[in-house]
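In the two complexes that follow, chain A is the common piece, with chain B as its partner first and chain C second.
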Partner chain A sequence: MAGAAVLERLTSRAPITWRVATVLEVVDETPTARTLVLDVPGWPGHRAGQHVDVRLTAEDGYQAQRSYSIASAPETPELAITVQVVPDGEVSPYLVEEVRPGDQLELRGPIGGFFTWRVEDGGPLLLVGGGSGLAPLMAMLRHRAARGSTVDTRLLASARTIRDALYRDELETLGPRDGLRVAWTLTRETPPGWDGFTGRVDAEKLAAVAPPPAAAPRCFVCGPTPFVEAVADLLVRAGHDPRAIHAERFGPTGS
Partner chain B sequence: MPPISRGFRGRRHADVDPARIPPGQYLTTDFPVLSAGPTPRTPLDRWTFSIDGEIDEVRRWTWDELLALPQETVTVDIHCVTKWSKLDTEWTGVSLDTLLDGVETEAEHVVAWCDGGYTTNLPLEDVMGGRAWIAHTYGGEPLEPEHGGPARLLVPHLYFWKSAKWVRGITLTIEDRPGFWEGYGYHNYGDPWREQRYWSD
Partner chain C sequence: MSDDHTLDGNGVAGLLREVLASDPTTTRRRCPDCGDTQPLGRHRAYRGAGVVLRCPSCEAVAAVIAEQASELVVHLRGALLVARA
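Presenting the complex of A and B:
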């Protein structure tokens, strides 16, 4: 794309400025992850898959910033982020364990434009999420649901145990069911009677869930770095176009 | 005044000079990975580094030719736009000054291009004057593919997305051409000390 066209596109966007967000609701998703539902006056809207920067300010003026994927659909007026506690983290334990409704924090965005999907982009769609990497993929699924889209969509979600599986109840009821297939794999421990996958995402699980490479699915992979590295490599080896593989990694120090 | 985050104390690093941490950054001792797609893997016998664009004749080096050039080892602090900073990282590679030596050009900008299709733009002067390298060794070991190996651009005075992984060449350009993240709303220049994260900063 020519430089001038990019600059024109950029200057037509709303500036990415800090806004004060108020916590409307906290939802305990798992023992170590919580969703914050936020009211953000003046929010310019987002695309599913984008993220926000959150800034906290201590009483002495010390500030800390972190990035979190947006989990809510663009069609929902409130903004939701799901935060996983990083052991010994600086910000995530505060957001998961301390914050309560009525609290305020600063937020800016939306940020990122590559790891995004709109119904208009079409499918088929392959979503592969590890741990809280499910959050931006959930935004895509909620967007699909809000728009009543029946685009062929496959989700392969990986969690350590059933207790760590994010959004599981909602995923079971999320419509339209036409064209939507949700598969879980549990890597550490399975409950009695578990009929999903067990163990890490591998070539067999991907082949069972994913549309064939010939169907040219748009692939979105999000999770911890080793998870994303492994899944993206498997997809390339299975014959998927590297350019169709969108990756979002968060590192061990995401905190 | 920003709202006070009730009960938030944060964590300061008493053992680190705060003057080394740009605004909005936090210190990490890990080496997080950020890339938009799969990690490309190019065999070294097919690897080359090129300088093209506004230059009379394209310059190109094979892997062995690059390693035969004068090597520099530098210890620098790096700052990722996703908020982490890592101090005293040690890299070995070839200075862009060496690669650009004697080049006459009208260009004022460069676009770095990479395996996997990634690009990023920088002012030409920012990759000269001992401020940019093609780095192939990190902490005394060959640079891991997930961190950009076999070789990445290293421009530590800018946010780390400018230090393009899997770099294969730079194109000298007259006009400024926003690269991959710059086209998605990240800052065109990306100075961490002025907290130039996004285009409107």
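Presenting the complex of A and C:
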């Protein structure tokens, strides 16, 4: 059986089991978001766009569980998740503020075959991310880079301020530059000399960044529920095929 | 009809995966109320004490899953179209 077929079986049919992951590294991304680089023994591999469930158990046995998108490429041996702290959340403050290298977490996955992209799927690709919704899109971009793909790819990323913009330095240097366009919009505050977009994602910004509907781009939209609803609606109204729009929503319950 | 507490089927796929042997995000469901067929990943999910899944076209209840300590209590409505391996 070819590798891809093995992966297909593993990701779609294998029983989903909790595994113990060890934190290898903690990377501060923004003042309120950190990336956890994890070693997961027995990890069956994943596709860009998939997510994992993370489970924490308190000393009294109380358990809390949340879903986090995988930010690392399938080609990278370690698994990376980026966690945005949600004030008063049950899980994210621990993951962002407390976790140290060497700590262990329970994790299951990879989960989901709906919001995924592989180089073989082709393009053009339109990625629209709000806040930490950029994480699964980053996995797709890192996968594209790892494979040296030059597929036409446009990213429109939305953040409140430049300090909240995830992966910004990496996105400036991520290869291959052929066919890749990265655009940012800042919704609350812009630094002096800012030459990107400002304000919420709207029809004009999407039209400026997205391939035309006639090019039939695969669209991936991820972010808080109101963001995803608004962007998906704008894409449909601009003439994009609803079946080509892949949306992944997270709300405060994803904290 | 949506608010900040809405997720979609992708967000509760880990839970659904305990119920289904197939990938819950791509498994399609045919709604008995409106007749539309959509992947579960595209269904709306409301997470409270348990999870309620609703049809993305007509909002009819598609599934109710209550999480208890030792078991999941699962109510399903409509037809699931499960791809065979």
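The rule we apply is simple: the second predicted complex is superposed on the first by the 242 of 255 C-alpha atoms of A that agree within 3 Å, B and C clash if a C-alpha of one lies under 4 Å from a C-alpha of the other, contacts with A are read in each partner's own complex, and residues count from 1 in each chain.
We take it that a contact is a pair of C-beta atoms (placed from the backbone, for glycine too) under 8 Å apart; a residue touches a chain by one contact, two chains touch by 3 or more.
Every value quoted in this text rests on a predicted model; they were computed, and no experiment measured them.
After superposition onto chain A, the partners chain B and chain C occupy overlapping space and clash. After overlaying the two complexes on the shared chain, residue contacts for A:Glu59 are found with chain B alone; chain C is out of touch. In the superposed three-chain model, the partner touching more residues of chain A is B, compared with the other of chain B and chain C.
When the two structures are aligned on the shared chain, A:Arg249 is found in touch with chain B and with chain C. Shared contact residues of chain A, touching chain B in one structure and chain C in the other: 9, 13, 16, 53, 65, 67, 111-115, 225, 229, 247, 249-254.
On the chain C side of its complex with chain A, the touching residues are 2-14, 17-18, 21-26, 39, 41-42, 47, 85.
Residues 9, 11-13, 16, 51-53, 65, 67, 108-109, 111-115, 224-226, 229, 247-254 of chain A are the ones that touch chain C when the two sit in their complex.
Residues 2-12, 24, 26, 28-40, 82-84, 116-117, 146, 175-178, 180, 182-185, 197-201 of chain B touch chain A in their complex.
Residues of chain A touching chain B in their complex: 1-3, 6-7, 9-10, 13, 15-18, 20, 53, 55-59, 62-67, 90, 94, 98, 103-106, 111-115, 225, 229, 232-233, 235-236, 242-243, 245-247, 249-255.
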